[in-house]
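Below: a set of structures, written as structure tokens.
The two complexes that follow have subunit A in common; it is paired with subunit B in the first and with subunit C in the second.
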Partner chain A sequence: MRRLFLPLTIVAAGMFMCAPFLIDGAPYESTMGLVQKIFYFHVPSAMTMFVSAIVCGVASAVYLFKGRPAADRLAAAAAELTSVFGIIVLVTGPLWARKAWGVWWVWDERITSTFVLWLIFNAYLLLRKYGGPGSERLAAGLAVFGMANVPFVYWSVNVWRTLHPKTTVVPTLQPGMRGPFWFCVTAFLLFYVLALSARAHLEARRAELETLYLDIEE
Partner chain B sequence: MDAPSRRRLFVLVIAAVLVLALPVLAAQPPTAAAQDGFVPVSRTAQQETIPAARLVVSAYGFVWVMLLGYLWSIWSRLGKVERELQAVSRRIAAGERRG
Partner chain C sequence: MNFVQTVWLVVRKDVLVEARSREIVYTTLFFAVACVLVFAFGFVNEGRPVTDAAPGILWIAIAFSGTLALGRAFERERQNETLRALMIAPVDRPALYVGKLAGILLLLTVVEVIVVPLVALLFHAPLFSRPALLAALLAAGTTGFAAVGTLFAAMLVRARSRDVLLPVLLYPITIPVIIAGVRGTAALLQADVDVPMARAWLSMLVLFDVVFVTLALWTFEPLMTE
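And then the complex of A and B:
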């Protein structure tokens, strides 16, 4: 991964620079017009947030059942990224809603469950930071619970009647919109993989530092 | 009718004619300006109630700031840990030499 890190970073940066031009060239949506273009960053952020929550949950489960410290470090990195992408989703969504629905926020099932998912992963981070010794295991349990929330958030729009567009929007995208959308999804996921590996590396170096401090004390 | 009254009546008639003629003037076919060039209109008349462009730019700007800010945060935290690791390693090496 180290050898690939720099070339992949350049590719990701290039993709993020190209994305606005592709989005600009994409056709306008008939009922929402220009504001619908937020979709090309909002939905990929949400998809990345879901992926990150699942990575955090799976790594936490591995840590809980196998006790592998590397899995715990990966979970900590993924939890932070879930929070970052969650903020992006929860800010870009209301900016879109303000024009499309006429309100900044609606307490409907999709939006509220996304907010709860984001709160769970923030609770995970706070627990790890301020929970004291042994809080990693408790946080890992919370992450598994957070991961279980992902399918509910995803299907909430199909089960309940909400203002939010349904999950059928993405598979039925028109060709002019499909290309820029999947390009943005790829850019976000590439950024995610790079940020996750950098953040996990930071966690590994912190663990090494902790071991060194313990050596000094002994 | 004396002269001042006649003048007042004349002004009133002219004003009435102008007021009554306004709708007729307004209904005239467009002048050459509409065909040969665009006539700018008040911006407020064409503005949307909620400007979409501002919302789109804010959304994209926010995403860029968040992603770049997060990368910078990892970079700075990693730099701090690396410096601390070097300092601790030096302390251990110095302790071993003394010991």
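And then the complex of A and C:
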């Protein structure tokens, strides 16, 4: 990963530079027109957010039961990125909703579950930051619970409300839209992997530094 | 000592301590009543409660006072270092969790016995038209809430800012319980009672209980080891 980091960063940067041109070139959606273009960033961020949440949950479970510090560092990095991509999703969503539905926010299943998931991962970060020594383990427990909670939140909100366009729109995209869409998904996921590895690496360095300090003090 | 004996000893200890001071049960109960009163000012319009207000008020009062009770119950254990003593004891760790959970459930049952009739009375809600189904919803919902809450409150004993972290961690995780509790109860309060709907929510709550009690038993040991 270390050797690939720089070339991949250049590729990701290039992809994000090309993305606006591809999105511009894609056909307009017949009823929504220009507003629909936000979809090329909204859906990939949402996908990245969910991937990140799963990474955090799995890494936390590994840390909790196997005690591997590397898994904890990966989980912390993934939780931060879940929060960041969550913000992108929760900002781009209402921007679109205002134009398409006429309101900024509706309590629909997908939106509400995304919001709940985002809250859980922010709780994870708060616990790590303000929980004091040993809170990594507690945060790992929370992440495991958070992951187990996803189907329940989804099901309960689903019965409670439904309005959001289904994810089944993705395979039915017009051919002209499909290319730019998957291009954006790839760009977001590539960026995610890079940011995740950089963040986990930083955390590893910090842990190293801490052991060095402790060695000097002894 | 076997599992059931350990659970029984922990429950008996908690009940005895609480019976002597009655601190948690009184404070939690009055907090729940105060919650209901405060909500009345938000959800009563021209002397009439807004439709569907009662189930929401009931479940939020339970969630809020439950959080308070959980915090207090473990604060007591922390102050006297008794939780550490419990963890040192050569007994099954999961049995300790079940014992604490049972104690919290008993406490919340006492609170609900007072708060449910109070909400029914103050908000003109026919809460007792289907008593068995309502009791089942309350029992399953409270169990789910307390199952997650007991684990989180126990693990947060060692953390800083635990008072505020408990609700921050607990509410997002227990949102399915709140939705299922509120919607299930609302289905019972409608003009034409929607029994299948209430049953559907009840089965979701039971599933939630099974999954999260299992998960809590499974993670209690690694989470409580320092």
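Keep this in mind: the second predicted complex is superposed on the first by the 205 of 218 C-alpha atoms of A that agree within 3 Å, B and C clash if a C-alpha of one lies under 4 Å from a C-alpha of the other, contacts with A are read in each partner's own complex, and residues count from 1 in each chain.
Assume contacts are C-beta pairs under 8 Å (C-beta built on N, C-alpha and C of every residue); 3 or more make two chains touch, one makes a residue touch a chain.
Since the structure is predicted, the reported quantities are computational estimates derived from the model, not experimental observations.
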Touching partner for A:Gly33 - first (subunit B), second (subunit C), both, neither: first
Partner chain in contact with A:Leu126 - subunit B first, subunit C second, else both or neither: second
Which superposed partner A:Ile10 touches (first subunit B, second subunit C, both, neither): neither
First, second, both or neither for A:His42, with subunit B first and subunit C second: first
Which superposed partner A:Val103 touches (first subunit B, second subunit C, both, neither): neither
Subunit B versus subunit C as contact partner of A:Val144, first or second or both or neither: second
Touched partner set for A:Trp155, first subunit B, second subunit C, both or neither: second
Subunit B and subunit C footprints on subunit A, overlapping residues: none
Subunit C to subunit A touching residues, read off their complex: 148, 151-152, 155-156, 158-161, 165, 168-169, 171-173, 175-176, 179-180, 183, 200-201, 204, 207-208, 211-212, 215, 219, 222-223, 226
In the complex, subunit A residues that touch subunit B: 16, 20, 33-35, 37-38, 41-42, 45, 84, 87-88, 91-92, 95-96, 98-99, 102, 191, 195, 198-199, 201-202, 205-206, 208-209, 212-213, 215-216
Residues on subunit A engaged by subunit C in the complex (per definition of touch): 64-65, 116, 119-120, 123, 126-127, 130-132, 134-135, 137-138, 141-142, 144-146, 148-149, 152-153, 155-157, 159-160
Contact set on subunit B toward subunit A in their complex: 50, 52-53, 55-56, 58-60, 62-64, 66-67, 70-71, 74, 77-78, 81-82, 84-85, 88-89, 91-92, 95
